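Please find the structures below.
The same chain A turns up in both complexes below, where it pairs with chain B and then with chain C.
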Partner chain A sequence: MIIFLGKRFAYLILTMLIVSILLFLLLEVNGQAVAIKVLGPYSLEEQRQIWLERNGYFDPIWTRYLDWLGRMVSGDFGESIRFKVPVGDVLWPRLLNTAILGGVVFAVMVPLALALGVLAGMREGSALDRTISIGSVITTSIPEFASAVLLSALFVFWLGWLPGTSNMMNGFDPMQLVLPVTVLVLYGFGYIARMTRASMAEVMQTPYIRTAVLKGLPYKHVITRHALRNALIAPFTVIMLQINWLLSGVIVVEFFFAYKGFGALLLEASLNQDIYMIQACAMVAVFVAVATQTIADIGYTYLNPRIRFT
Partner chain B sequence: MSNGKNPRNVLTKEDYDDLGKTHPAIPDLADALHQGRLARRDFLRTVTLLGLSAGAAYGLAGRIAGDGSVTSARAQESPKMGGHLNWSMNVKDISDPAIYDWSEKGNVARQILDPLCRVYPDNVTRPYLAERWEVSDDLKTWTFHLRQGVKWNNGDDFNADDVVFNFKRWLDPATGSSNLGRFSSMTVKEGDSTRMVDGAVEKIDDHTVRFNLATADLALPESMGDYPALIAHRRFADEGGNLIQNPVGTGPFLLRDFAVGERAVFTKRDPAEYWGDEIFLDGLTIVDHGDDHSAWLSALVSGQVQGLYRLINDLVPVVRGAPHLKLYETVTGQTGVARMKVTAAPFDNPLVRRAIQACIDHEKLLAFAYQGLGVPGEDHHVSPVHPEYYALPKLTQDYELARRLLAEAGYTDDNPLDVTIDCVTQPSWEPNTCQVIAEMVKPAGIIMNVNIMPGGTYWDRWTTAPLGFTSWTHRPLGVQVLNLAYRTGVPWNESSYSNPDFDATLDRALGLLDPDQRREVMGELERILQGDAVIIQPYWRSVFTASHQNVHGFEIQPAEELYFTKVWMA
Partner chain C sequence: MANQTVDPPQSQTVIERPWLVVDVTRTLVRGIVILSESPVGLAGFLIVSFWVVVAVFAPLLAPFPPNTPYMPFATPGTVHAATGSTFWLGADHLGRDILSRIIWGTRTVLFYAPLATVSAYVVGILLGLMAGYKRGWVDDLLSRLSDIILSFPILVLYVVIITTIGASGINIIIAVVFASAPGIMRIVRGLTLDLRNREYVAAAQTRGESSWYIMLIEILPNARGPLIVDACLRLGYVTITIGVLGFLGLGLPPPDPDWGGMVNETRSMAMFAPHMTVFPCIAISSLVLGFNLLADGVREVSLKD
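Showing the complex of A and B:
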């Protein structure tokens, strides 16, 4: 177990190092461009040269990289060009906002999708299975930008039941989460439900389940104790991948509802070429991706005893 | 003339003498108004520029032309005190007012800072922090009398030192302020650099400042009303030079909370300390809903905000169909220009520029790209809403001419002209306009690629791209934009246009008081700029905004300046 964790941790560090080198090469090598972004397009050449000198841009590239990496590791991401405050002051609250949004989406989406997937998979070909399957396909086929517009038109413009944006201007307001969460759940749940259904249907066909049923075990026990654990391996992979999607793949939803989250921040940083913010966001996104992958690997071993820590 | 009276019968000799003391040209302008040679709005604009107070100007126009006050309708409303107003607009960095390059920055800072002059919704400029001004006959010496009893919110008195400090800072090239071009009449060129003329800004006493211009500038008060000309405290630079960290101002509100991309929260100042009329609102929050204009509208419809900074033309029908919302519309001098950098190939060849110009049908461009909500442009950046606009013969689309010019420039079907126009993604009318231009130049054999890029990327290169589409905000006088964007060497001269004849003619226009004479000179300027084919100017666009029906006292201003001093909520 310790060797396994050590390996996964080393893999995480290696991935992040490679990403950091790529980021550094992409964004930091052209010091002149960085100086223009920081000082503005009207800055004088002399001002830019002073800035470059003061910030070590004339040092050898490896020295600059190590300095830069040291600052990143210690949490000093620099000052945001767009927001004019330290990157961390904007990044962490935005990350928390996305964690809240993602947490609520998960809390609704995962039980719903698993329940529907299991129900459909238990009785493959039944009316319930067909209804759930078609419903899942339809909701997953509608992209977020379309369902966001449709739901806004219905609940904001026509019925007037829900707030139109979710920027939490006057503090946390659960009502403002309703629309973004609904859009994300509609888009995401079908995928998990379909995966669960397929996996469940496959497990239900296996001899050991038939044996369990023929042995006279209560059907509930067959499902919960024997079928479910095996059926959850594939959906578990999908669920873990959804964490990455909820971190940086929700840009459309955050943008549409003006939700001040990590996805919207990444977009704003990119549109405004906020170099230090982009670097920090990218490192956080990569960390979360690799960390969730590690957690998923550990999770498999519990779900499937055939997989061992090595 | 609506009342049929001779103004000499309406105005007494004493009246004429008094008017002549304010400025010798005012009696003639009164005659011109009476004889119908001068429009009422032009009369109001010119006499207020010459130092007549707004009240006196309106009274005079009413006595001569016989119509009543334009503000009578507002007087019937009975404002209600209190309430906190939420308004949707992008919140950008406002740390240094001298280098603002977005109207939105000015709109946030305008709640805590004031300009010397203000361009009102009727497009007439009136004194604001200044109380009045006098101008010499040659329009080179302007004496500004500052309002007394104005307090900064740190307790200091507003005085002439504040004004002198700001002008010196703006006109120092190291500051990087666009005011260097705006107040070019106070500068002199030395080699490649520009500096303030010695003695251009002179403190006479604590509440009087004299501007000694190198060249006449009729538009001086108008320029003082532009958004980068908000007056900061005299110790602004010494105290950190950051308005967010040290929000000292003379304006109606106090800045309580500020975060770029999120919000700017204000509370009203103690009425005893604020120089203007008491503010009806208790507070104001400007909320950033990002760049998606449909999110702004969603926030308005669901009551999260009570008004918008801007309503894009695509969403106008939605507001028209919503009974609880008010739509505001104004015809403006706001526009966008596809400008060609005359120092960069292939646009350094006038034949190429003229060929592109010959492909454009401005009427169709307006119809396709902006739903016809405006007035067609004429490629010279002077609008029919400007008082000195001179109507040139309309440009016509002529593909034959375009092909001939291209052939002369060495471009054939085998060797077509292939160019790329850079523009921003938002607002959508800008890329839409570029797409239509690209389609219009196709029949002449020109390949125009549209490079749509994020705002942050475009605004880094808006002055350097060989071909770019740039939006320009409204300015009350035509000469102002020409001074900012086409005079040799000024910071916002994005096309690098340099024409000594143009500069000299512009100087002449800035020194002419009589609107008729100025119009003639503007005709020359328009002809020069149009003939040199520096820009494709598709149209002058109407601008829109919206609020809830319970918002009263708000008026849309052609440059989309936000003032909430008269706004109240029912």
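Showing the complex of A and C:
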């Protein structure tokens, strides 16, 4: 088990290293472009040269990469061009806001998706199964921005029940979370529900379930004690991987509802060419994604004894 | 020996060329007949065909030119006095007819989404065949790289790429290829690993065919089933991506209509004129739904055989 954990962590670090090289090549390697972004498009050629000289952009590429990596690892992401403060000061509070949003989304989405998936998979081909399957295809077909538009047209414009923005200007307001959470849950639950359904349907056809039914156990008992345990292993991985999707989804939703979170920050940084902010956001996003994948792998191994220690 | 087997098919295609149109129609009709076994798939097919027809006949269907300003914020059903035409879905903040922009926008989305998907497939299939057939270090390298690209949150990857190379049609295609090809590669690699041990591959190897011939002529056609289903799903997903990029202001440059861009331009005014954002959203959702239902239908039908 220790070897397995060590391997997973080594792989995590290797992935982050390669991602950092990719980001460095994409965003940092062209010093001239960085100087224009930092000093603005109307800066003089001499100013750019001085800036490049002072910040070590004429050093060999490897020393530059290692310096840059060292700063990234120690949490010194540079100064945001737009906010004129260190990137970390803006980034960490924003990340916390997104964690709150994401936490609520998962708290709603996971039980809902698992319940619907289990209900659909229990009796494959039943009317309930068809309804849930088609329903999840429809909700998954509506892009997040489209459901945000449609829901806010309905609940904000026509009915006037909910606030249309979620900027939390006057302190934290749970009502402002309703629409962003609904949009993300609607788009995201279908995938987990379908996976759970497939997994449940497979388990329901195994001999031990047939045995349990034939020896006269109550149906409820068969489902809760026998089927669920094995049926929920596969969805676990899918749920962890949804964190990766959520990091994409929050960009759209936070932008639409003006929620002060990580996704909106990344998008604003990109629209304003705030290069150090983009680097920091991308690194953090990939780290969260890769870390959850690692946890998913470890958890899956722990839950499923058949593949343990391999 | 090799020459003899290659020659006859060539002469056959020459003879059959006048019948190519008939052949395509026949295949299409056969496809619909097979698909009609699955009501869901047929519904998807009808939705997608509806939008294809709209795209093809856009100049005839659109009541107004898409980029000409008329009456800003006209509500749905307003009649334009000078031309006598009606703004069936209203006009946007610049006074451009929304219905006409949606109709012309169909061309944009049905041009870029399939083009980007096909490009991603070409790259993904070639890499996947190489990884699965050649194995060894090529496989290791490509698999690791694809793992890493797939570990990015997808939209973060798009934002970083588009920020670096700029927003334009060709760059959107490049970004889609970069982000989707690893996933396609993984599927093709898995299928190739299974197919490379079949007898007909061994036969081709014994005949002394080149490895590209074996990969493209022997293996690829036999892997088509799962790939067609995946392509339908991916087409829907790429449509969403193009819409989302337009919505985020990272899509195709204005003024030509693009559904995501229409929502982006008017969303700040949606609080008093929601018709400007609602209709493009319905359009993109129905097209994606069409692709997804079609994928479901194709899978259902292919599982029956």
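Criterion: the second predicted complex is superposed on the first by the 306 of 310 C-alpha atoms of A that agree within 3 Å, B and C clash if a C-alpha of one lies under 4 Å from a C-alpha of the other, contacts with A are read in each partner's own complex, and residues count from 1 in each chain.
In the analysis below, contacts are C-beta pairs under 8 Å (C-beta built on N, C-alpha and C of every residue); 3 or more make two chains touch, one makes a residue touch a chain.
Remember, it's a predicted structure, so these values are computed and weren't measured experimentally.
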Chain B and chain C placed together on chain A: clash or fit? clash
Max touched-residue count on chain A (chain B vs chain C) belongs to chain C
Notebook entry, point to check: So, A:Val137: does it touch chain B (first), chain C (second), both, or neither?
Noted result: second
**Asked** Is A:Gln293 in contact with chain B, with chain C, with both, or with neither (first, second, both, neither)?
**Response** second
Note to self: Between chain B and chain C, whom does A:Phe145 touch in the aligned arrangement: first, second, both, or neither?
What the structure shows: second
Quiz item: Now for A:Asn244: first (chain B), second (chain C), both, or neither, which partner does it touch?
Solution: second
Give one of first, second, both or neither to describe whether A:Lys7 is in contact with chain B, with chain C, with both, or with none. neither
Between chain B and chain C, whom does A:Arg229 touch in the aligned arrangement: first, second, both, or neither? neither
Report for A:Phe83: first if it touches chain B alone, second if chain C alone, otherwise both or neither.
first
**Prompt:** So, A:Glu268: does it touch chain B (first), chain C (second), both, or neither?
**Reply:** first
Chain A positions within both the chain B interface and the chain C interface are 149, 152, 156-157, 164, 255-256, 270-271, 273
In their shared complex, chain C is touched by residues of chain A numbered 15, 18-19, 22-23, 26-27, 134, 137-138, 140-147, 149-150, 152-153, 156-157, 164, 244-245, 247-249, 251-252, 255-256, 266-267, 270-271, 273, 278, 281-282, 285-286, 289-290, 293
Seen from chain C, its contact residues with chain A in the complex are 40, 147-148, 151-156, 159-164, 236, 240, 243-244, 247-250, 260, 263, 267, 270-271, 274, 277-278, 281-282, 284-285, 288-289, 291-293, 296
Residue positions on chain B within touch of chain A in the complex are 86, 93, 95, 99, 174, 176, 244, 259-263, 285, 287-292, 294-295, 297-304, 318, 454-457, 459-460, 463, 491
Given the complex, residues on chain A that touch chain B span 36-37, 40-44, 82-85, 149, 152, 156-157, 160, 162-165, 167, 169, 255-258, 260, 264, 268, 270-274
